[in-house]
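What follows is a pair of complexes built around chain A, which joins chain B in one and chain C in the other.
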Partner chain A sequence: MKSDQFSVVSRLDGDAAIIYPKGYLNNLSGESLVIECGIYIGKGITKIVVNFGETNLINSIGISLLLQIIEDLRNIKGTICCTNMSKFLKDTFEMLGLMQHMLVFPLESDALKYLQSGEV
Partner chain B sequence: MSTELKKALYNISALADLGQAITSEDDFHEKIQSVFYVITGTFLVNKGAILFYEKANDKLTILTQKGFDLADLDLVNPAELKSLVKNEPRLIQDSPVAVAGAEILVSLWVRNEFIGALLLGGKLTVGPYTPEELELLNVIANQIAITLNNHTLFMELSDKLAENRRLYEEMRHIYHGTLQAFAAAIDAKDAYTQNHSYRVARYSAAIARELGWNEHEIEGMYVAGYLHDVGKLAISNDLLNKVTPFTPAERAEIRKHSTLSHDITVKIKFPWKNVEDMVWHHHERLDGSGYPDALAQDSLSEGVRILTLADSFDAMTSKRPYRKRMDVQSAIGELRKCLESQFDNKILLVFCKVLEKEIKGNLPEPDILPHLDSDSDLSVISSLLEAIIKELSAP
Partner chain C sequence: MPFNALPVKDFLNREYELDYLKGLSALKENALGGDVLLEGARGIGKTELLEQLYRSLFWEDQVTPFYYTFKTANLKAIYFAKDYFTGFVRQYISCAKKDPSLANNAAEPLQRLIPAIASLGLYWLIDCIEDFQQHVNKNDLYWQMVAAISAPVVAAQKSGKPVVVMLDDFDAAAQLYETSLGDAHGLLSLFGESMRNNRCPHVITGSVNALETIFTDHSLLGKTEQMRLGPLPEGQAMQLFRSHLANLKITCPPGVPLKFLDILQGNPLYIRNLAKAAWKMRKLELNEKDLIECYSFEVSAGETAFYWSSVFSRCVQNGAKRRAMLKLLMHSVDNGGIADGDRLAMISGLNETETGELITAMEAAGIIHNQDRVLQDFSRCLYLREIEGREADYAKGKIESRYLPEQEEACFELVIPMSANAELVVAKAVEQIGININLDSEFLNYLQLALIEVCINAIEHSGSYEKKVFLKFITSPNKLEIIIENSGKPFSLDTLKEVPVAEKLRMGMKRGWGFKLVYSIMDSVKVERVNDRTRVILTKEITDKEVLK
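Now for the complex of A and B:
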């Protein structure tokens, strides 16, 4: 299960962290996504944008990891925004009822604009 | 596509994820963690735990968990879980088990063996677990139970294997201790051949190693070296230590020792092949003029040829009642002189290569060099070895 290489990079934009997962979010290597978010949360960041532009597929393991991030942010009254999602990802999240627990934007810039607008 | 159909497809793919996690080459704990993620990702739960039953201690171990208070999980009583229906998910409120935050409990079994438990909290989407979800959980629970059971069986086998290895090593120790005692008894009979058996064993094993034999075969060669003269235990001390030349009758008596060595060793069920054959024929010669059976050429195994050379070399470089010890160069020269008639070209070539490597310090644990005369001029021996190696390596 370690054959599919999954990686994560991130950057800080103001008071929001933008996370870029890359690859199929389907195994234990996906834990790096939770760890990356955890590092920002540990530093006091409460706004996280996950740009799924390079992650088209996700399975039950990936959903579980995403759930962890949602929960970690909920515990600190933070916000998670998901952007650049493929149709498959959007359909999956919708079907599972995850959309109610995150904010979804077409593009990363839309999410950042929203987070900087002070509405959060 | 309807949401129900999408959900059904998602559940099927979750089962595929589970299969992949279970059959992966990950270690056990990674495997269980993947399985746990599949479950929490399938049912969208924020609390869950997989508990493993340690039969020997009659206690449950937490393999992985999320969201529960560890103290609550520690209080779960295996006896209560054993009273539940096998692998059937049930509402925790309808069970004798109480864990704060848990909604669903599954007692994990394989046939009549209690394996552990799976606990799940409420779903992120709220609402009760549907009958379809409980059915899916039942399938998943069966798979987890089998995975945990396989792990138990694997660990039991690993433990047994480790125990067998330990016992085998102990037996090998005892075996070698007994062999050493035998060899000491043999060598003690003859004041002039102290440690002869030990040295022949070392030399023979070194040659076998250089020839590329495997460790098991080398050990057999070593044992043959140790026991090649065991038949001397049946020869009188007076005869063995006689200073004056042997009479024909005495020589015939002495020559019985290799057959006696065979008769003694053949009764031992060695784990190594041909030990008795090697000790039996270590005085045979390539030209067929040896004893006891006057075997020649192809009738002599590689092991016999090794032992013959190692025995002769040590005999020559050791003091005897009727002569002084021969210096190393002379002994090697003597081996060279008796090629074809007595010793095998290939074995002498390999012996010379080993000794040369030992002199040059190319072997971590020398087997031959430490037993040779410390006054020997190593540069002279080295030149001699080089010449023989060159000669015998020529096509």
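Now for the complex of A and C:
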């Protein structure tokens, strides 16, 4: 476990927002993630990719806040894609039955390709 | 009973005391000695010394020995008087005829012994029996008691041969009653007359604290000297243990240092019981590790456990008080004593008056302020079983793990404040503990997650005034056990309800994942309430795939 301070950065790629949470995803950091996504949703963005490549640890409060983002996107008929997840993170989401409520891709580029293909 | 003594070769280190007691009647006749109060820790060999004294006096025939042990069933005065009187008559005839079987045959009515008594020419004894029977017929309790207690004195005077009276567990005599418990405190003082007689030295045993109270009785004060029985020295303790093993056909190579025997603190009862435990566990050859295994059995389910359990039952009969006693005992063991007056009622769960009375009873029984490590381990086992509801095997395992060499089991303790990100300190700790025992890093991530969830549950929901979470990690080659404790509001797994994600989304209810994760990750999750604390016990069996090759 790396003890990195949590941070969240993001960028726009076409009509999709890509979010990079880094560090331990808990209540405080989860809130920042929700806010960051909320900003894009407020601007009319409906496609969000969360790249978990640098998320090393998560807790149930962080997970509940992720559920908040899923719900917000569902309300606007948007799409959430999760990428670069460690086996631990994938298994954790699997344990909770979250996988069927999000699209999971191995890499960020795979998710972008899917979103740009117009299948959404 | 008096003939159950150990073989002389196994009765070690008590020669001085035995010789002194054998000469007691001569000392008393010359007004140079009085009665003896035999003191010493439970199991140290007071009863055994009396039995050895009895056997020795019986065959030497200079004085007549009389041995009586106070029994709970005979504390009603009318039963006691009959039991004491008939016991004395049987033992007296047995000694006169040098026939031990007569002393042991408690079922035979006295009337049937009259021909034997007459054949010995002991007509005064027949008079005693008839007098006693008359008191019984008149239902005169006082004179039955006097006749019984003074029977040894009458015998000594009529025969000219001193009678040594041995009263085992004499503190129980303070509980003699007429019709209901506590209705006749003065009955004990009837022994005063008998004890003052210069032809009847008395040797008394019992709990020191209780006897101190008894000996404030005016009639008994100042007539008694104390004799303290200490533990066996290390070498003799080992010699006795090896002798018991040899009798039980168990070998123990001379090279085995038997260092673990030190824990028994030279107590002959514990030494004998440990040897018997080895026999019960079918050990044919004993090493140091076997000794720990046998000891763990002994304090959790063996004769030593049974012995202490009986002492506890005698101290408190009521179930709620027994539980309170165990809580106080564990508090005493964990804190090296029991001094924290204000919190004791909180610990016991009784009110302050009841708690005070309970502590007094425990002090009188000698089970508190006691540095006996065997008693402490027994108390631990009983606490695990009766307060925490564990199985005997679990308690045994816990005791075993306390004494097994460190490389086989390690224990780490950690206290974190209930503050933001404190759970990350726990995650870091479990990561390092896992590295120490070579665990796979991915497996460690799951353990970290489970621990984080339990900690944030405590931090968020307990409302603890201490604002601390106490953690203990116990690792062994095949198992990791993590105990998380915090004060505050009780928490129960029964209150948890599983809600599917879709339902959570529909209801806008996004929390409540924590223990689902913990359950998925760990092999066993147990939540207990111990005093004012919630204790969560997580266990995970470690299989080959979770260990780095």
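Annotations
Convention: the second predicted complex is superposed on the first by the 116 of 120 C-alpha atoms of A that agree within 3 Å, B and C clash if a C-alpha of one lies under 4 Å from a C-alpha of the other, contacts with A are read in each partner's own complex, and residues count from 1 in each chain.
By our rule, a residue touches a chain if its C-beta (ideal position, glycine included) is under 8 Å from a C-beta of that chain, and two chains touch if they have at least 3 such contacts.
Quantities reported herein were computed from a predicted structural model and do not represent experimental measurements.
Once the complexes are laid over each other on chain A, chain B and chain C cannot both fit and instead clash.
Of the two partner chains placed by the overlay, only chain C lies in contact with A:Phe88; chain B stays clear of it. Once chain A of one complex is fitted onto chain A of the other, the partner contacts of A:Lys77 are absent, as it touches neither chain B nor chain C.
Of the two partner chains, neither chain B nor chain C is touched by A:Lys43. When the two complexes are overlaid, the chain among chain B and chain C that reaches more residues of chain A is C.
In the superposed model, A:Ser60 lies in contact with both chain B and chain C.
In the superposition on chain A, contact of A:His101 is made with both chain B and chain C. Shared interface residues of chain A (contacting chain B in one complex, chain C in the other): 1, 26, 28, 59-61, 63-65, 67-68, 70-71, 91-92, 95-98, 101. Per the touch definition, chain A reaches chain C in the complex via residues 1, 3, 24, 26, 28, 57-61, 63-65, 67-68, 70-71, 74, 86-88, 91-92, 95-98, 100-101.
By the touch criterion stated above, chain B contacts chain A in their complex at residues 3, 6-7, 10, 13-14, 17, 20-21, 24, 26, 30, 33-34, 36-42, 44, 46, 66, 124-125. Looking at the complex, you find that chain A touches chain B at residues 1-2, 26-28, 59-65, 67-68, 70-71, 91-92, 95-98, 101. Looking at the complex, you find that chain C touches chain A at residues 420-421, 423-424, 427-428, 431, 442, 444-446, 448-449, 452-453, 456, 500-502, 504-505, 508, 510-514, 516-517, 520-521.
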